Every structure is written in structure tokens, then in C-alpha cells.
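Alright, structures below, take your time with them.
Each of the next two complexes has subunit A plus one more chain, namely subunit B in the first and subunit C in the second.
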Partner chain A sequence: MGLRLIPVSFFTLIWDMKGRIFSSGIEHKKARWGWTFIIPSLVFFSLFSFYPILNALYTSLFRKKLLSLDPPRFIGFDNYVYLLQSPDFWNSIRATVVFTLGTFVPIVVFSLIFALFIMSRKRFQKFFQMAYYSPAVLSSVVVAAIWLLMLDPRGLANQWLNFILNTPGIDHKWLANSAMVQISTMMVYFWKYVGYFTIIFLVGLGSIPKSIHEAARTDGATGWTDFLYITLPLLKPTTVLVSIMSMLQCLKTFSTQYLFTQGGAPMEPINVITLNLYHTTIRDRSIGLASAMSIILFCMMLFFTWLQFKTFRSEEVQY
Partner chain B sequence: MGGDMMKKLCILSILVLFFTVTVSAALAKVELTYWTHEDPNRTEIENRYIKEFETANPGVKVERVTSPSGKMAEKVLTAFAANRGPDMFNMEIEQEYAYIVNRRLAPIDSKAVGYPSDKAIYDAYLPRVLDPATFDGKLYGLPMELTNWCIYVNDRIFKNAGLNPEKDYPKTWEEMVEVSEKIVIREGQIIKRRGFDFRYPYYLVSMVPMVEQLGGQLISDDGKKAIINDQAWIKFLTFMKEWGPNGRNLGSPTYTPARSLFNKDKNDVAMCESGLYQQGRIRQDNPEFYNSKEWRVIPYPVFKNAVKNVAGNYYGHYFVVNASKPKENQQMTWKLISYMLAHPEEYLSKVGLIQPTVKLMKSETFKVMPYANVFKEDMERAHIVYYGENSAKIQDHIREAVESVMLAGASPGEALEKLKRRAQEALQER
Partner chain C sequence: MDIFIWAVLIIAAAYIFAPFVFMFTASAMPAGDIMKMPYRWIPKGFYWQNYWQGIRGNDGSFIYLRNILNSLIVASAVTTTTVFLSALTGFGLAKYQFKGRHLVFMMILATIMIPFEVIMIPLYLIVMKLGFQDSYLGLITPFVVSAFGIFLMRQYYITFPDAMLDAARIDGASEPMIFRRIILPNSIPAIATLAILTFKSQWDNLLWPLLVAQTEEMKTIPLYIVRFTAEKHTDEGAMMAVAAIASIPILILFLRLSKYFIGGAVVFTGKKG
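What follows is the complex of A and B.
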């Protein structure tokens, strides 16, 4: 069995390397090159991701104020206890979960639908790919600023919706109503990221060999049964990837909520954990408390990722 | 021969380079950084002062960096947290106060700012205006501006609505509602023209005085309790609920800020809250409107049944100096501040900023400024905005209370309960 460069086989690799360090086998050479290529990204990850996570975990155990010259005071898990007893933090968890569920589920469903639509086109495939993908290249700040203008009571959103529904003069309160402002943030995020995940689904769909579809059709499968029993099961790895990526993206949402609150939208309904964290750091200067918040968010992300893996777990797909 | 020549040329080049670098380094002995918020009118005069200062002090180089005012707090805090703050900066005192109490700022060097003693500095300014920058008996900053807000009125819109701006302008908050009802134009529920609207993010400056007029207080006199007199707060929150889209629909934080639209004179808004500096901005943005004289400034209204006659709070931007910089830099920075503050009349006439020295307030320049007396009289019945280590947090809690009644349909009682809990917690600070 060859050396595999996945985390599970890391220790196996060390053992193998120790045992056959001077061996000149072709697999060993391959492994060495593999390590050479991944070391830069491992160093990068350790420096810019792993170290900050550990540092945040350490800082979360202290009462530390950003401007204070006094040494930070060790308080154990007090920051976590405080957060778990704080109604405002629970509101942030609620806002984050509502936003994540309300955004990532439609993103997964619609990006798959859009990808199927593009695949079914005989012409203009590239055009549709570009059209769907284009919002993803815009910065989140620019996107939120554009949408703020549209969602202004006198903006395009009210005008269009009133034109379609033939309800002149109705203010749909996109930013002014607790429920609507949550829907507005979901809408902005959906618009920005659906194209990105559509492209990922397109790649997944493209990697399913045509011969399998042809064989199914020969056996009498209709378009719908082909999708249900061939495409969907074979697309499982891509679906897992898209759902995990979009969910993590949604849990980390910040700029849309931040800019909306700057534009006058009420804070409480959309005070997601990252926004609360920002205010705790910048406004309150409580870096210890903010670190504890970030660790809780990190744990939530780990948990939901694990849950998704567990839910979707099955044998590897092979064509 | 050729090789020798090349060798000599190389040595000569290195020597010239070394000499140039050494001389430049020696000449630029002190490099100062000054962070401030964007204000085109002020940039013009301050860049000139800096040039003059550099000429008068060879070897001093000043870098002036501007940022949007909303970004200043974040930028300065991040820099200080990394021990890379600028030599000097200015922000609202509500933001700066935390830097003072955390010993991140240098106390004033009275000699460097050209005064024989600290007492002489206090004597040169209006009474109490240096109090917010005083901590443990030491003075930490000098005011770049002290600002209060009155109400700017667009006469053209008043006339268009059949009102006489001379007589019909609102004196009370109740009249503000009535006048706004006459001016407002709606298309269904959507407001096309507002009579007046508040400056929503600035609750401590603009709205806490309304509560005080009704007998309430933000913080008790002993500084231990937040949100005093529930009845006053309930009345205020009820007023705001009525003002918003779920009440009489006269304005909302989700519309474009009134102050941004006022200068354009596009029939969008008839009244807005702002300081004396707004005049410089009207002149710059819309000279025709400025020169038409079809605008005026009226005092901050008072509730009909007010128990206290207070106007909008005034706030200050203070020039302060980073305590972590070398002494030489600190002294030179105070000298630069002193040089800039030696031009209060130009700050007033060109930018509309009041540097509250006794001399300026008595000057002809102040007296001839349009509506300067309205601002002065309002300032006399006002007090400085609440400043404390957590004033920004308390302001956000007031904001949440107001937004919840105006936009989210919460009752004033519910909003008040939450506000009391949050404000008290912020005041006690864990």
C-alpha cells in the first residue's frame, strides 16, 4: 500500500519514513515530493490559523482590556460562564443560527438547480456561468452598500415589488422591520454566493461520466429518475462539500449585518456572533470576552461540520 | 585601467549614497504622525499650518492621515493595541476618555504649548470646557472643536408648504411634530419629503437632552445608577415610537440621513440637526443655496411640559498626544498643536469650528458668523455630552431601545426594561 497524504495516514507516513528513510522506492520519492509541496501550506496554516486559534483560546481565559496597561488577570472560564448567562449572547446565537439555516439551505438547493439548468443548455453555457458567478467577485462591503441603496424606503426594492404586486406606495420595510431585516440579509448573502456554489456543482456534474447516464437511459430511466437515482447519489461528495462550505461561510457572516446596522437597520434582530464580537472588541475593548466568543463560534462550526459529515457519511462514491 | 576606474566609481557611488542617507536621516530628526477625520475645509488650512510648522522647525516632518469619522475609533484602537498609535490624534471626547483613564495619553506640556502654567491654559478657555480632558488633576488635551447642534431650516420648503419660516418654525417638540406633518409628502407609506429627522447614531448628543427636559437622567449624580426617572424615559420612547414608521411615519433611521440631504436643497427634507460647521459644508456643496440666504438656524426645541430647559449636548474633539512616543516627539507634537490652535478665527470662518477660548468668543469673527448667537445661547443652556469608559456602549444600548420602539414594534415599557439592565451593566463594567 502506498503512502497517502491525508491526515489519517500522517503517523503511518512517519513510521514508513523511519523504516525506509534511505530507501529509493518510487513511492517513497513520491511521498517526499508530496511533503515538499504541502509544507508551505502547513507552515502558512500553522502561522495564520492554528496559532491565532490557540492564542484566542489562551486569551479567553483572561480578563484583558485592549487599552489597559495593567497585566491581564487570569479568570479561568469566567468569560464563558458570563457569555452563557448573557441574554444578548443567546440572542446572537439565535441570530446566527436563523441566518445560517435561512441562507445555506436555499444556497445548496438553488445552486444545484442553477447548475442543472446551465448543464442542460446547449448554448450560452459560458455566459450563464459568468452571469451567476459575477456577484461573487464583488467585495462584501460593496455588495452590502449597493443593496442598502436598493432597500432604502425610496429605493428600487420597494419600487420593483410594488410594480410587480401592483401595490403602489407600500413600504415593505426591508430594513425597518425585525423579520424583514433578517430576510434582507439572507437575500443579499444568497445573491452574492449562489453563483459561486453553482460553479462548484457544475464541476461535480461534469465529472459524472456520460456513459452512466447513457446506460441508465438505455435501461429506460426518465430524466427525473436519472437525476434521482444516478445524478444525485453520484453528486454526494460535491453536495457535502457545498453544504459544509456554505454553512461555514454563513456562520462567519459579518459585513452585510455590519453595514446594514450602520445604515440604520435595527441591531438586535441581526446581531450575529461576529457582529457582537466586533462590538465587544472595538467598542468595549474586552478582548478576553471577545476571544471566548470566537472560541464558542469555532466550536459551533466544528460541531455543525461534524454533524454534516455524520449525516452524509457513506461509502466513497466511485464511478 | 578600466577595472580600476570602475572600482573607484563604485566606491564613490557608495560614499555618495551613504552621505545622502545620513544627511537625510539627520535632517528629518523628528517624524510626527497626525491622525484625524475627513473634513475637506479643515484639510486645506491644516496642511498649510503643517507646511509652515515644518519650515519653522527644520528637521521635523509631519504626516497628516485622514479617515472617515466613523472609522477613527476602530483605527486608533487597533493601532494602540499594537503599540503603533500616531503621535497625535483627535476624536470625540466620549471615545478619547478611555485613552486618558488608561494612561495612554501624555499630560500637556504647558511650556511647549506656549503657556506659563496649566492654570494659564484653563484661564484662556471658557469655564468647564477642559474638564472632560482633565483626569487626576492633569490636563490631557486641548479642544480642536467644541460643537453643539441646533436646527437648520430650509425656508424654501417652509414657504412651499404654506408656512412662514419667520414665525412658524417649531419651538417645542410637539410643534416639531405638527410642522413636520404639514411639510411631509408621502406616496402611500413611503416618505418623499420629510419635515425634520433626527441624527440617529448620535443618541447621547441629540436625544438624551430630550429625556432631561422631561426630568430624566442618563446617569445618577453619584455616577452609580443608569437611567433615572422611568416616566421621563417612557415619555421620550413613546414620542420616538410615534415619530417612526409604525406611528405617525414622519421619519426613520432607515432613510438617508437628513443632514446629508439638507445641503442639496432638493425638496427632500426641511430641517436637520447640525453644528456651526454645517454652514461651511453648505457653502462648499451648494453655493447657490448658501448665498440665497433661504436657510436659517433655530434653537433646539423643548417639550411643552418640560421641567428643565436644556438644549442639545455639546461635544468636543480634543487634540491629544500618544504617551508611548519619545519625549522629544511629545514636546514637538504639543508645539505643533499649539501652532495649529493659534488660528482659532480661521478655523471658525473657514471650517465653522469653535475652539472655545475666551478670546475667540469675544472676537468680531465669532460675532459676525451667521447665527453664531443661536449656537452660543443654546450652548449656555446645555452641558457636555456624557463621557465615560463605556459611553459608546451605553449609547448603543439607547440606540437599541429607540430602534426597538420605532421599528420592531416593542412597547416603551419593554424597551426601557432592557435599556435599564444593559446600561446598568455597562456602567458597572465587569
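What follows is the complex of A and C.
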């Protein structure tokens, strides 16, 4: 949508400016100030948002190397064809999708549960809210570094899991085994963001009027039916929001995977698209190819967002 | 049921806190103790050598201090420009009638949908062309204003009483003066929310500095942590000391100003948190 608007809006902008600058009157003067206040940001967005997205599309059609003296060569959709035939890129798509599904679904479920539980308490609401939110404050690199040590073969994660499973002395290979390292990245992300989304659910829950719950109770609803038929349907906008926000967040994941691979974890299982994109840019310097990757990532984000809207709508509750 | 809920909440809180406690306790222990089973949650003493080692670096260059300074400079600069420009633009969009303003607002809003990762390469090319590579300008430029910030400020200003602005106009105040004397002082909560969110996201930023900062002198805290973690001889305690140093400023901000952190988290719900 944004893309289609650019030429039109530039036209209206210039046209408007002409009308405003050469006429007078208090309304026009005010309008001129309005434009003056927004022009700096508008220039910035043109240069650092609209132009780059068009440029990414454009560059993705070229064979272009960073710091290379050869002029970029137009190759049409060859970069996309190459990527869609490359096992390495498919692995990245797999890693991204697995990570996203494995992370955002638990985040949505648990943040909803935590929010409901916190809401049901009369005391310590504020404390739990703050406590659960606190990991989101830390920088992702710090979080990844802490977990890197906890997931060490001699670290806490093994001690806890062995305690729970009652299997002393087993190494669960959190950072070495290809399935485990994927689970590890999901755990890190889950830990960091579950509280953030709990807060959003709490706001959603708080906005449901108490009178509706009271009415349901007088009609004989118990805690469970009240939740199922009152809370859940009324909470749907919040659920959609949390679900889409957390999903987009997961699709963009980079820091955890980057630090883990730098810290010695195997690359292949967690080579998510952003990590691949970074390496293609910095190591291979193939920015044409990297641009095509970024466009594919963008399309995936748009597609999954659309898919979520669609799924949620088909389950629309009528009452 | 009641006890079950308390149990879940408390266990979850313990799970949330454990890595924090681990970071701080491990930063105060010699490396040999950190990997010992079972983990000693209360350190025997304060092993300050970790902090010394972390700041000194494995090569003894003390570059971490410079990297902390860089993070402070970049995060403060970005926060200042973002708050100022977002407030200015948000005000312009909320309180002035002119043709095309809805279109402009929609355009700016649409850029929220564009993830940074997607436009990163063109941005890198622009910054290189401008000659800002490996400089503060390069680290700062792509973030001087944010669409999210404009959205936040506009929503705040739209409810601001017009009567107050008109009264100021009758008293002869110019529009920039209205912005400086009336609008800015009356939007401290929104400004604080935006400032904290912006500062935090820059403190956290990894991908962009990875591309732009090439020399050790221009790197920021996250880059130092990555490098320090990846180095072979890094001792676990020093690693946690470095992480703790990076986290303490933001944790203090969080404890003092938590309502603004939480306020920022719920902006998109359009409800009062």
C-alpha cells in the first residue's frame, strides 16, 4: 500500500506547497506552519524509508557486488530463481519458520495464561507485571550471552533438566545437537518476550468492562464458561495484535542466533534468513542476492500477517 | 485452584529471575566456581577481578570503555533527534488542517510495516555514499526520527485542547513558540515514553552497527559483547561482568521509570495502560 502512494503523494505535496506559499490568510498561514513542521520528517522518510525499499527491489534484479569495480549487471529475476533453488536458502526459510512457529505460539499461549492469572490476583499484580516484563529491558546480546553460559555442558540448564528428569550427569547438548540448539534459541526468545506480551494482554483484559462479567455470572456462568464465552471473544483484538506482533518479531530474529554461532554453536540449524542475509552482505558481498533475500523475507512477513488476519476472521464469534 | 495459580505465578517469576541472578552472581565469582555443580547462588565473596578483566579486555586495550561511550553518544543523539522531530511532526499532523495531511500520516504509518532488515542494505549503500561509514553520523543517521514516535506523539496531541493554542495565538505567540512553550512542556509523559523506548532500542542495536562500525574504536556495547564472548580465552566470570555492566544503566532506568517502559509497550493497543 505504501509503495503505491508514493508518486501520488509527492505530487499532492508539491501541488499543495504551490497553493500554500503564494496565498495568504490565517488558515493558509497555519497550513504553511503545518507543512513546515512535517517537512523534515517527510524528507527523512523519503530518503531513509521509501527510497530504500524501492532500491532494495531494484537492486534485487541486479548482480551487484559490494566494493566491486564491475558495474552491476541486470539479470531480471535470476537472484530469486537462484535463491529458490538453493538448498542453503531453503534451509534458512526452514530455520526461520521453525523458529517462528516454535516461539510465537508458546509466547501467545503463555502470555495469555500469565495475564489471566495475574488479573485474577487481588495482590501483587504490579509486582508480577514488572517481574515478567524485566527481561524485555535487557539487550538481546546480553540475554543471549547469559543463556550461552547457562546452556553450557557444565551449566545450569543441564543441572535443572537432570534434576527434573532425575537423570544425573547427562549432557543434553543444548548448543551442539542440531534439534537442541533450535530449542535453545526458542527458549531464549521465549524468556525475553513472554512478559512483554503478558503486559499487552493485561491491558486488553483490563479494558473488558466488569459489568459484562457480572452479567454473565448472574446468568449462571462459572469461571470456565465465563472465560470461554465472554473473556476470549472480547479479547480477540488483543490476541490478534499479540499474535501478529510476536510473529513479526520472531521472523526478524537475529541477535540470539548470531551470538550463539559466534560462541561456537553449529550454524546450519539456526541459520535464519536475517543471519544468512548478514553473511551474504558482509562475507560474500553479494548485495543483489542479499536484497532479493530481504524482499523474500518482507513477502513472508506480509503473507503470514495476512494469513493470521484471515484465520482470525474466519473464526469470528457471533453473539 | 487458588494455590495452583499462585504456584504457577511464583514458579514463572523464579524462571524469569534466575538468569538475572545468574548473571550478577556469576559476574562476582571466579570462573572455576561458575561451572561447578551444583551452582552456588550466593557467591563466597565479590571477585572484582572479573570486572577488571571485562573492562580491560583480553588484549588489555580497555576498548570497552570507548565502546560504552559510543553507545551513550549514539543512543543519546538518536533519542534527542527522535523525540524532537517526532513531537514536531506529530504536532503538525495533529493540530494543523491542510490538504494531504491524512495521506502524509498514512504514508508515515505505512513505514512502520517496513522492517529494518529489509531496507538495511540500501541504507548501508546510502551511508557509504555519504561518507558516513565507520562514524557516529553513520550509526545515527538512519534513526533520527521514527514512524512509531510520530504515531505516538500524534495520538497524544490529538486530544490536546485547541483553545489553549488559540489563546496563545491571540496573545501573539508564533507557531514555533507555541510548540516550544506550550506543546513540549505539556507532553512530558509521551516524550518520556518515547525517549526511553528509543534509548533502549539503540542500546540494544546490533545489526546496524555490525555493518557500519568497522574499527574497534567505533563499535558499540553489543558488538563488544559479541567479540568478547567469541574470543577463546574469555573467562566466564568476565563475560558476565561485561554483560552486567551493559545492563545496569538500563535496569536502573527500568526500576525508576517502569511506568514509561510499560506505557511504551502498550501504545499499539490504543488503550490506557
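Rule of thumb we're sticking to: the second predicted complex is superposed on the first by the 263 of 319 C-alpha atoms of A that agree within 3 Å, B and C clash if a C-alpha of one lies under 4 Å from a C-alpha of the other, contacts with A are read in each partner's own complex, and residues count from 1 in each chain.
In this section, a residue touches a chain if its C-beta (ideal position, glycine included) is under 8 Å from a C-beta of that chain, and two chains touch if they have at least 3 such contacts.
This is a predicted model, so every value here is computed, not measured.
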item: First (subunit B), second (subunit C), both or neither touched by A:Ala290; value: second
item: First, second, both or neither for A:Val141, with subunit B first and subunit C second; value: second
item: Partner chain(s) touched by A:Ile282 [first = subunit B, second = subunit C, both, neither]; value: both
item: Subunit B versus subunit C as contact partner of A:Gly220, first or second or both or neither; value: neither
item: Touching partner for A:Ser255 - first (subunit B), second (subunit C), both, neither; value: second
item: More subunit A residues in contact - subunit B or subunit C; value: C
item: Partner chain(s) touched by A:Pro71 [first = subunit B, second = subunit C, both, neither]; value: neither
item: First, second, both or neither for A:Arg154, with subunit B first and subunit C second; value: both
item: First (subunit B), second (subunit C), both or neither touched by A:Met267; value: first
item: First, second, both or neither for A:Ile200, with subunit B first and subunit C second; value: second
item: Residues on subunit A lying within both footprints (that of subunit B and that of subunit C); value: 152, 154, 262-263, 282, 287
item: In the complex with subunit B, residue positions of subunit A that touch it; value: 63, 65-69, 82, 88, 152-154, 158, 168-171, 173, 175-178, 262-269, 279, 282-285, 287
item: Contacting residues of subunit A [partner subunit C, same complex]; value: 1-2, 5-6, 8-9, 12-13, 16, 19-20, 27, 30-31, 33-38, 40-42, 44-45, 47-53, 55-56, 59, 113-114, 117-118, 120-121, 128-143, 145-150, 152, 154-156, 159, 191, 195-196, 199-200, 203-204, 206-207, 238, 241, 245, 248, 252, 254-255, 258-259, 262-263, 274, 277-278, 281-282, 287, 290-291, 294-295, 297-298, 301-302
item: Of subunit C, residues touching subunit A in the complex; value: 5-6, 8-9, 12-13, 15-20, 22-23, 26, 34-39, 85-86, 88-89, 91-93, 95-101, 103-104, 106-108, 110-111, 113-126, 141-142, 144-145, 147, 150, 175, 179, 200, 203-204, 206-207, 210-211, 221-222, 225-226, 229-230, 236, 239-240, 242-243, 246-247, 250-251, 254, 258, 261-262, 265-266, 268-269, 271, 273
item: Subunit B residues within the subunit A interface of the complex; value: 70, 73-74, 77-78, 80-81, 98-99, 102-104, 186-192, 200, 245, 252-256, 390, 392-393, 396, 399-400, 403-404, 407-409, 422, 430
